[in-house]
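One structure is given below, represented as structure tokens, and several questions about it will come after.
Naming follows writing order (A, B, C, D and E), and every chain is counted from residue 1.
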Amino acid sequence: MNNNLKEEIIRTSGVNVLKCMRCGKCSGTCPSYGEMEYHPHQFVYMVEKGEIDKLMDSPSIYKCLSCFACVERCPRGVEPAKIVEAVRLAATRRQGGNHLTAEEIPCIVDDDTPGQLLVSAFRKYKK
Amino acid sequence: MSMNEFKPKIVAFCCNWCSYAGADLAGTNRLNYPADVKIIRVPCSCRVNPLFILRAFQRGADGVILCGCHPGDCHYTTGNYYARRRMTLLFSMLDYLGIEKERTRVEWVSAAEGAKFATVMNDFVKTVTELGENKRLEDLRCKK
Amino acid sequence: MTFSYYPGCTLKTKAKELDGYARRSAEALGITLDELADWQCCGGVYTTAKDEIATKLSSVRALMSAKKEGNALVTLCSACHNVIKQTKHELDTNDDMNLRASNYMGCNAREAADTEVIHYLEMLRDVVGFDKIKEKVVNPLTGRKIAAYYGCLLLRPGKTMQFDNPENPKIIEDFIRAIGATPVIYPMRNECCGGYITVKDAEAAKKNSTAVHESAAGFGADCIITACPLCRYNLIKAESPIPVIYFTELLAEALGVK
Amino acid sequence: MQKIGVFVCHCGTNIAGTVDVKAVAEALGKEPGVVFSAEYPYMCSEAGQNLIKNAIKDYGLTGIVVCSCSPRMHEATFRKTAAAAGLNSYMVEIANIREQCSWIHKDIKVATEKAIVLGRTAIAKVALNTPLTASSSPVVKRALVIGGGIAGIQTALDIADAGYEVDIVEKEPTIGGKMAQIDKTFPTLDCAACILTPKMVDCAQNEKIHIYSYSEVESVKGFVGNFTVSIKKKARYVDETKCTGCGLCTEKCPMKKTPNLFNLGLDNRSAIYIPFAQAIPKVATIDADYCNMLKNGKCGVCSKVCAAGAIDYKQKDQIIEEKYGAIVVATGFNPIKLDGYDEFAYNESPDVVTSLELERLMNAAGPNGGTLLRPSDKTHPKTIVFVQCVGSRDTTDCGKPYCSKICCMYTAKHAMLIRDKYPDTEVYVFYIDVRTPGKNFDEFYRRAVEEYGVHYIKGMVGKVMPQPDGKLLVRAADLIMNEQVMINADMVVLAAAIEPDKTARPLATMLTASMDTNDFFTEAHPKLRPVESPTAGIFLSGVCQGPKDIPETVAQASAAAAKVIGLLAKDKLLSNPCVAHSDENLCNGCSSCERVCPYGAISYVDKEFRMPDRTTKIRRVASVNAAVCQGCGACTVACPSGAMDLSGFSNKQIMAEVDAICR
Amino acid sequence: MQEMMKKRAKELLASGEVTRVIGWKKNEFDYDITPAVFTSAEEIDRDFIYDDFCGVNLSKFTFQHQKNDTKTLVFLKPCDSYSMTQLITEHRVDRNALYIIGVPSYGKIDVEKIKADGVTGILSITSEGGDVHVHTLYGDKTYAKYEVTSERCLNCKSKMHPTYDELIGFEGEVMETERFDEVAKLEAMTPEERFEFWRGELSRCIRCNACRNACPACTCETCIFDNNDSGVAQKAAADSFEENMFHIIRAFHVAGRCTDCGECSRVCPQHIPLHLLNRKFISDINKFYGDYQAGAEIGQRAPLVNFTKEDVEPDIVAKGGKA
């Protein structure tokens, strides 16, 4: 239980996790569900419980596509994607927290790679 | 008296059918609002004579709020429509005379809106507290 | 009718055709697209964190320039549209964001939110009108069965984007009808292509994109159209059996300016 | 000389927990005019009331103040107490130190101080109270029931049983409501029609009941005991008194492509129709939107085939005015529109249906004659997915924040019936919680799982994706397994939230009955007066008050009937004596009061006054009809001269309260 | 004009159509005019006057001296006619007992304006064409008429007579006025400035009740300020009641009924601009609920006993009057 971190996540995400009624619709709709260790509904619940460290250490935070399907379909207006984003930011802002480095880029790029992709990936994975 | 200690006197007129019930609901749900608010029960917002509001100010009230059913939902069908006109004109006149317009307010609170009642009262008390004492209409002889 | 126009980086490099066809079509439809003089990259994705500010400033600047020009701002790339529209929304609703943006920029940032932001498709629908486009079509694409691929960025978050019904959109389908073709409705049209994740996990992205083109092809589409260079990239990379092209290309073709 | 008694209630710890009741009693004892002051744990208890009665007698009290809960709670109680001790019941004032003091403040000092102010305010008021006597008005011995579903039917039958006339106004061509559309009922699985239709027939045959079908309430005037209601009988283009319900016209009508609303548009009917076989009244109705004769003046087939000569294309809407002593609202519900839930593909695929549509699909009188077939291709579905809470417990713009209450049970019923009839069909139910509070309810749900093998999965469906092969791919969460599941279904059934009928809101305005934010009627007290509206003479029956199932609805319907019977049994009603009165000596006769009176209670008379110089002068002065006045007080403020005042809430009393608060 | 009026008055008396005439008569000074009841041709010949000093609104006098068993002739200027119409609407006078002759008014002279110019020892004042000659102990002085015309006449709202049996002279029409300019000026001040302004004005009130007694809308059988049961009874200036309460209550009392005749300000010995209170209400009513002129028509529904479902909310005041 890490209360400071929990508060930070709640503040930066602007999400009220207590509104969640545990229906699981976010997880029922998530396209990255299969790639994740912790699923969207667990993100919400674990933030409520203050289990932020586990989330920050999990690769799940890099699997969210920010597609906002969970946000759109949540019947309680909880916005799980914003929680994931806040946890990922907390992780990448830490020393050595970058998930993507410039050195990796040449192996990734091909002739058609749109600039948009690299900009976006850096925004999501690197501080 | 410093601002921190200042406790405003607030008179709230509530119609019996909606707002008084809304105030009761705020109580039933244990929703806090400052004790500075004292409620007078009237059958309908249209029972509130502008004289009562002036009287309150004369006697040292710092704020007066009138709560009634939402327009269209009056228990007596049309009462709050008349109240709305009377209060609009009275408030405008008080403002014209230089009385701080923030000291007077009308809110429509239904019997189901306990939370709204508490929110409105918290907000009104905050506003009036920030204004400080009513000096412009109080009859100093009425002060004990 | 003149609009300020924000093309975005990718439209200047890998997605030149998206931009080119759009400009030519606009001209044919009597619309002047006036490219903002000093636009900067939108950042590709909008960061929802409340404490992020620097990454949103380029959008604030774009909005501010358009306001100075006195025009509504037209975007074309889904990502740019999403970022700028969300920035505008936050300026409109978040006082803290406003204050900090104002401090950074040394002006009243809220004014930037006065700028109306519309996507090129919205311009076609609301300004030109699909009926009008229908009249202007010289080369109707009769018989073509086309799948509209919306992806995420145009539609969501629905309350902010106000683009179309996020679960059952119809703007691109209406567009397809306007140019004489037949729209193919398939359930994956508003699901994610995999987006930026392709950088770190190409397999995961491919899974998503495959589901999209399989669904479209399964419902008999002979072509997928999109407004997003990244969607197109991902779909093609996932070996879509049917062509994936920008909607502006079809528009230009129908208007005879390809 | 005023002798006022003050009684401070502890309400257990409800008040005494945050208010120093002893200090309050002591402080108020020192107020001018107060001769007796006491506190007691429960003033509303018999012992507490005896304390009051004894004090009234022993001290010769002229007025009492009870510092207790809201006057909305126990004002009536203490008025009776006072009356029993020989004190006029309007010499009682309540200081609300519970809802408006002890329950909202935490600090004892603050709450105690406020309680003292509230107490002295009530003392200031009671000192100016005058004894009032209620006048009486006659009761019209006839009740109106608005809505002819099971709630309205049961209420009407019970009222009629007690010997009173009762009218049912139903907006559809037949009574029966939603229950008539339902196939079977939980938890017994008996057939809805088999238990409903005999009641419908009873209604039709009961001499005391008159059914206004295809009719709506236009306006309501008056007050408890004496309402005047205008009812609009919509033109059905068929003379009800002549039509025999033979149905020949419906067979011969060429307009066969009219959506059958009784079957929720799942099939078609003719433009002239009888909604279903057991309709009451069994009379045909012409749907003017589809009838060729009414639209273009061409056709007239029904008129030609009708042996009774009942068809009347020139029929007009008709307004009927009737007087009632009591009105029961039984306007019922509808499933919400699912336009905001396109992730479930309801608008996209005909095989995604609502639960009510499934009722029709399974009903023997439904579009498939009772065989469950997919709407799209009329094949037998092998896999069916039920989605719970679609729009219920949903705080977004398109949903309802409340639990619709009936869905868990009817879904268990549907699942069970399907598994019973078609054992080869797999049934999945995605739920958030299974809520089964009710007699034999949980057992019923468990039977669905244990005996019928229905798959209950905790989790919500995220998306329903129609496939090219006609299947519906359902993507959902299984929260217990912690995995995402994909089910290839043939049909998806959505448990759509229920909402009050759209006619309820305008009706509430007509009745001046209050509603909550979800458009459910509010009850006078959520526990103690659950079938009465706060507006006297208006009673609530069925879902118009809140979601409920059939047994609950019937229970409430009978309860409402009992309340109505209790009212109609009285010959006279004591009316509220807190009404306006005009001081003739002050009245200018200017008509301002008359103009604002919503009840037309004020009239003018020319009256002769003796002037100081011994001449006489005739002046026009206002006079209030106390039986009609409801005591709103609008006139008292409109009156420029201050001639008009309101008993119980007089200018002086309210000003005394203002002064006491500001002191 | 005066002679035509006298002629008609005498004719009507002679024919028995009316038994009494209400008009104006001169007091000690030329400019000191009072209302009067005339019952004979002799009285009329001797005392009846109608000139540029006849500012008194005869409707209140008529109300006070009404007799229902006989018919009275009353001469009404446009202003008086509006007030009378309002009184008829409120059933305060019996229309059938009145024979109303509408007379034109070309602006009345405000003697206070001459006095304010430092003129003392006035012997007589005559008004001829566009000039006003003042004869004083210390010599004569001449003003252009508009310089000494009363404010209410300079801002005349209407030269029309809403109610009459016959007219002498031509019927005028409703005027475009700038009568709300002063109100707007006050509205533009800060609340502090407004408070200071009104405190300065109202604190001068000596509670002589002249405003109330002259006001044609103040016709209550018993005035609430005199009624011990009203809760606001106060008969003399003893404390801050006058500056705080009296005038607000009085203005609210006549709100929606005041025709803006300006008698209150005319009669105030302390020169308090009381009409600015009434005009505020009129201006608000026009702004919030649409243009309304009290007394324009018999049977009108006053704005405070009327409503629409779409009325503005009271918080329009907090929003600075903008909906």
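Here is the rule we go by: a contact is a pair of C-beta atoms (placed from the backbone, for glycine too) under 8 Å apart; a residue touches a chain by one contact, two chains touch by 3 or more.
Predicted model, so just to flag it, every value in this text is computed and none were measured.
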Exercise for the section: Please identify each chain that touches subunit A as well as subunit C. Expected result: D
Handout entry: Smallest count of steps, each to a touching chain, taking subunit C to subunit E
Key = 2
Fill in the blank from the handout: Note: chains that touch subunit D and subunit E both are B
Fill in the blank from the handout: By Cα centroid distance, the chain farthest from subunit A is E
Handout entry: Pair sharing more residue contacts (C-beta pairs) when B-E is set against A-D
Key = B-E
Exercise for the section: Could you work out which chain's C-alpha centre is the most distant one from the centre of subunit B? Expected result: C
Fill in the blank from the handout: Separation of the C-alpha centres, subunit C versus subunit D, in whole Å, is 49
Fill in the blank from the handout: Expressed in whole Å, how far the mean CA point of subunit A lies from that of subunit E is 76
Exercise for the section: Could you grab the centroid distance between subunit B and subunit C? Build each centroid from C-alpha atoms only and quote it in angstrom. Expected result: 51
Problem - Distance between the centres, which are taken as Cα means, of subunit D and subunit B, whole angstrom - result: 30
Fill in the blank from the handout: The positions of subunit E in contact with two or more other chains are 231, 304-306
Practice task
Could you check subunit C for residues that touch two or more other chains and list them?
Solution key: 167, 191
Practice task
Please set out, as single numbers or ranges, the residues of subunit B touching at least two other chains.
Solution key: 50-51, 55, 72, 78, 82, 86
Practice task
If two chains touch, include that pair; go through all of them.
Solution key: A-C, A-D, B-D, B-E, C-D, D-E
Practice task
Mind listing the subunit D positions that touch subunit B in their complex?
Solution key: 70-72, 96, 98-101, 103-106, 110-111, 113-114, 117-118, 121, 508-509, 512, 514-517, 522, 534-535, 578, 596, 598, 630-634, 636-638, 646, 649, 651, 654-655, 657-659, 661-663
Practice task
In the complex, go through subunit B and note every residue touching subunit D.
Solution key: 9, 11, 16-18, 20-21, 23-24, 26-28, 30-33, 35, 38-44, 46-52, 55-56, 59-61, 69, 72-79, 82, 86, 110-113, 118, 142, 144
Exercise for the section: Sort out for me which residues of subunit D touch subunit A in the complex. Expected result: 343, 389, 393-396, 399, 430, 432, 458-463, 475-477, 479, 482, 484
Handout entry: subunit D-touching residues of subunit A, taken from the complex the two chains share
Key = 19, 21-30, 33-34, 39, 41-42, 69, 73-77
Handout entry: Complex contact set, residues of subunit E against subunit D
Key = 68, 90-92, 219-224, 227, 229-231, 253, 257, 301-302, 304-306
